[in-house]
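Common to both upcoming complexes is chain A, partnered first by chain B, then by chain C.
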Partner chain A sequence: MAIVNTNKTPDRAAPISETSMLGWLRRNMFSSVFNTLLTLSMAYIIYLSVKGILVWGLFDATFVADNRRECYDNSLTGACWAGVIDWLDNIFYGRYPRDEIWRINAGGLLLVLWMLPMWLPRVRGKVLIGATVVVFYPFLAGYMFSGGEMGLFIQIMASGAIASFVIIVANALVGLTKDVGLDTFVLEALGKTKAPDKTQRNLLIVLAVALFVVANLWVSTWALEGVSWTKWGGLFLTLVISGIGIASSLPGGILLALGRRSELPVVRVLSTGFIEVFRSVPLITVLFMATTMFPLFMPEGFVLNKLTQVIIAVILFNACYMAEIVRAGLQAIPKGQFEGAHTIGLGYWGTMGLIVMPQALKHMIPNIVGNLIGLLKDTTLVSIIGLFDLLGMLRSISKDVPWLGLHKEPLIFGAFLFFIICFSMSKYSRHLEVKLSAGEKH
Partner chain B sequence: MSDAQTNGQLASAASSEVMIDVNKMNKWYGSFHVLKDIDLVVHKGERFVICGPSGSGKSTLIRCINALEDHQEGDIIVDGIKLGKNLKNLDHIRTEVGMVFQNFNLFPHLTILENLTLGPIWVRKMPKAEAIEAAMMYLERVKIPEQADKYPGQMSGGQQQRVAIARSLCMNPKIMLFDEPTSALDPEMIKEVLDVMVELAETGMTMVVVTHEMGFAKTIADEVIFMDEGDIVERNNPTAFFDHPEHERTQKFLSQIL
Partner chain C sequence: MNFCSKFTSVATLAFVATTGATVVAAETTLEIVKERGNVRCQVGPPSPGYYNLDSEGNWYGLDVAVCQAVAAAVFGSKDALEIQSVSSQARFTALANGESDLLSRTATWTMTRDTQLGIDFLSPNFYDGQGFTVRVDSGITSAMELGGAKVCVTTGTTTELNLTDFSRSNDLGISNVTFEDYNVRDDTYLNGGCDAVTGDKSSMAGNIASFPVPGDHMILPETLSKEPLAAAVRHGDSQWRDVVQWSIFALVNAEELGITKANVDDMRSTSKNPNVLRMLGAEGNLHEGLGLDKDWAYNIIKNVGNYGEIYEAYMGGGEQGIGIERAGSLNALWTDGGLMYSPPMR
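What follows is the complex of A and B.
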């Protein structure tokens, strides 16, 4: 038997059970008597709970009231959201002076506008965006939030921030409209595209410096009213602590992980010791140690405020966890990659920065983001040592005289806020994974 | 098929300038003596083929020449520079010595073009446009310019190995080392890689090749070295080596492999 079929068999449509909704339901929900019973009883339970939540949280709830008594008068079976709404400013901004809240909003908006170009297509120089935001933004934001006397260092950093922000935004606009980088655009506008590389570079440097000087003149006229950190609170404080923690713990973790794998014994032993000590202690202990013992080690007269101490503790603690995640990622990179990098003459930092880290970080994304979500939620522990972060604020609603004993609603609202933030982070990490593994098949 | 392969032996391009000088070199892995009193001189333009059973130390030898492994006794002098613990020397040697691995070791997160231009841009500090131009030239030479924007994972093994050869050539090395470049490939891909290597040999490149491809060795080698258990057992020109192997161990090895 040689040739079995000389004619090509034509394709036929798939059976209805494979393609229709009904087929799917039948296969997955009602495939046997037991499964049918299970499906129906689950559907009933879901119906009951959704109905309960909607009635309590929405239909019977009170949204406008002056105190808890009025809520009860309105409805005994519904939620009293009026308390949460009344405290909304406190929940978001803590006890920050109401007239100065625009500074927090402006700082947040600045960050969003600064980072946004990173996700836009056709925009050049995304590494520069990330680098400037990490180097300059914290100082500008720090001054905007706390105000008061501006030291020379802060003035320089804030001017640098303004100058680089202008450059980033201009670069993004030029990229979106003309599909070129800002440098090419400026050189073209000045008709210097044919000039030697060195002239071009010097010209760009002069322009950047001029921009910096202008920014500096403007910044030196700023006089923002001082706001003590003790007035910071709510979601704002949570985001400040976790934002700084997130931005610093990853670089810190990378350095610690490299240190732990170093061939220099002193570096290796110090990194390992540091990681093991901080990982073996609960965060709350580290926080207490930071606020009570840290000052003992500091030279006399050198006082860090409690917030700074807490932030340092959060960074150190999370950097150690991050270090172990990074180390695991590094170990997954085959030895051949190091050798391949060596044979084209890359040194240690070139090998790590260009070859090993980009591959390792990609594998680590789920773990890193998991850890960052943990970090964000762990910042609620600072309410135990007397900072009024989001959780602290929510809990103090129940101690406010008009809303005495109102526990449930604020906590549910807090859970909702945390869920939105953490779920977005998790979704974004999933998106990053897919995006980074596009085109790469192993 | 290139002329060289059809006509047999490729003319020698060797000159008197010494590129690699290995002198009484010994290496141990822990207490295991891998390489024993190795003496080897490679002149500019010379093409050495090293063969031998697995575990004979042939890969280790060329990895020592590229300073991927360190040695404990004796000297290795590459391009006039003595290998040692001096890191600056190492980086210099590695830019002058290209190496092609059995498993390609391409960078999977970079496109082919980025794989090729990484070294020239970051190590040689070459302007990007120039590096891309050079990379495309080498991709032409290994006959896959149309794959420049693909990722290594999207290519066949033979193509990946040709990219790996092009990546080394982009650094403009004085010496090329090949560590069993065809051992991980399917039979039909071996030829495309060997063809590229033969063409490279025709340009007068100094090459040290660890391989079991005896036809290839006959075509390009100025000298064939047979290693066993850390010793250089026999060395000869390819005709004599393959037709009249002198040592009993060489005879046994060749009878198994041919």
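What follows is the complex of A and C.
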């Protein structure tokens, strides 16, 4: 005689008010008269603005025209994208000779292919990938972009770049298909897996040297037309300046931060002074100093091109900000970590490189990426000192006679480009955080 | 203290010694330019009519043509040229520190600049002046009728100062609406944010041409200021100054003599006018004083054309021109009542 029903009541579907779209709308949008009014008026505003944007930017817009007058003839109320389309080469590559643009594309593609294996699963030797990119790629890219006479040093570095690129790509392919490293694969193919370690190593070295020689023979036949840096511009220039800035300001910042926390008084005072001076001055001042004042201090005939000056200024400026971010990260590491490292016999660089930095850097990722995004956007300031970076090019469209006064469309396009780049950087940093599980606490 | 003063004097001596050494070693600008193989000519951020980039990335414009003329005079080719775009804050510094060989960029020739900045202006290649643009349907036909009007103006230039002076001296009570960027200034005017726009008449003519309905707007006859726009070189190098000055004169003189890009070869071989023959190097030795080739003026005209052709191409009705009427303006030849005048080349 049970009064309690021991049988489980069958599951019922959730009430329609909880699951359906209508239920959600009712709960969140129309729960009271006031909310209903609010929802309706907001919907109307959104409708108006979206409609306005679409009509201006799409339905009434002109995409094909030879000049702005033709855009007007087509529609007085729509955007004139034809000007932006006409200027696309300028926007992306600046004044780079049109026949040589493939060099920029090839250089960019090379970098992507080179770096891509770092993010692929099952690929071995990721440290090597990073190291070769940093050591060799700048020289190869530098030659591809500027061309002209190739010195012996550049020839060697470019050959090294080609050889390591081939190795990296082969390694990635072997890793993806066979799930082994390139070295293992080659040794297996040659049937030398059983040979002593020393023979194996020597064999690999010989192969690498042979590859280098072949690459060198090929590179020595290159004769790319010289392109002056004054012809660099557009998105390409923006990426060159910010790319070098990003790649150099982080290591620079780490060194400065370590210097500022150093126990050696001279190093500490110098680092602190350097950081404080550069941080207390606006970037535009640093840029002006670098480009107009610097040549006055130098002996006559000493010429450092403006682009180099600008890049150095950007690196120094951002290294200081980076240093403070790194210092904040270092301070978050408990003292026990340092002491622990000491007790297992690590010296200064061992402690920093193996114990402290890896932990600290994880915590700094959001700040570092925030700073790098800032750096990318700050590079637009170089248009003020006469370099035609992305923004400089976009602003020039409104001065070109066929497109006179066309200034909104280019800026909107520029905003769109910057958004894509910055948003992907931000997304990537989130991904890194999750991967390194630094984001657990949010 | 003693140490300090000693140190200072030693440093001063060292400084004098090094600068003295550089003065001895310094070459003339012409030598430096020839050695380098191109002319570094400074323009500004793109400005319609004077210096612009086209969609292929090439520079064009009136002031660019002056750069090209100098390059052609020295090297025989207008492409032996590096155009430097420098912001207006740094323009005179960049000329003074040797970064640029000459400056050819809508710089107004004023006494202060000429006498205090270590630079020399050459004869103007464009005479501009500040004026007002109004809507035709406003019924305003003279700047004196602008009493109490809101006038859009770009900030930080003499334009703003001239406007204020004009308003004060004529007791008009004009209120300034200032902008950093002239595109925004024009948008505001077009959307009714102000009754008139003020700026240099040449650039306003270009801007009006880019308005949706150009016929709805007009430039008032009054001119508020004198803006003789001229190229400039570093003070103290007379030879280089001569080279640039006579390259500019050659453009004007060629127009006066009827030499054009198209007929320059014919003129040199068939003309009977001794002025033409002397200028184009078929006779005489005009080139010797400049330190250039016999063909210097021929190369200028062959490469860039005469002043009239350049004006038509970039300021007048050419495809890349901003459509400013030349006849009757100060920029007409002196024979047509303008101010474009070259001393005789003999």
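Everything that follows uses one rule, which is that the second predicted complex is superposed on the first by the 395 of 442 C-alpha atoms of A that agree within 3 Å, B and C clash if a C-alpha of one lies under 4 Å from a C-alpha of the other, contacts with A are read in each partner's own complex, and residues count from 1 in each chain.
The rule is simple: a contact is a pair of C-beta atoms (placed from the backbone, for glycine too) under 8 Å apart; a residue touches a chain by one contact, two chains touch by 3 or more.
Given the structure is predicted, the values throughout are model-derived calculations rather than measurements.
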| item | value |
| --- | --- |
| Touching partner for A:Y72 - first (chain B), second (chain C), both, neither | second |
| Touched partner set for A:D86, first chain B, second chain C, both or neither | second |
| Contacts of A:I355 with chain B and chain C, given as first, second, both or neither | first |
| Touch count on chain A, higher of chain B and chain C | C |
| Partner chain(s) touched by A:F288 [first = chain B, second = chain C, both, neither] | second |
| Chain B versus chain C as contact partner of A:L296, first or second or both or neither | second |
| Touching partner for A:A223 - first (chain B), second (chain C), both, neither | neither |
| Chain B versus chain C as contact partner of A:G347, first or second or both or neither | first |
| On chain A, the residue positions that both chain B and chain C contact, one per complex | none |
| In the complex, chain B residues that touch chain A | 66, 68, 87, 91, 94-95, 97-99, 101, 103, 105-109, 118-119, 122-124, 127, 150-151, 153-154, 167-168, 170-171 |
| Touch list for chain A against partner chain C, complex | 68, 72, 76, 86-87, 89-90, 94-96, 98, 228, 230-231, 233, 288, 291-292, 295-296, 299-300, 383-386, 388, 392-393, 395-396, 398-402, 404-407 |
| Interfacial residue positions of chain C with respect to chain A in the complex | 18, 22, 25-26, 45-49, 52-58, 82-87, 89-90, 93-94, 97-99, 181, 183-184, 186, 206-207, 209-212, 319-322 |
| Chain B-touching residues of chain A, taken from the complex the two chains share | 197, 336-337, 339-347, 350, 354-355, 358-359, 362, 439-442 |
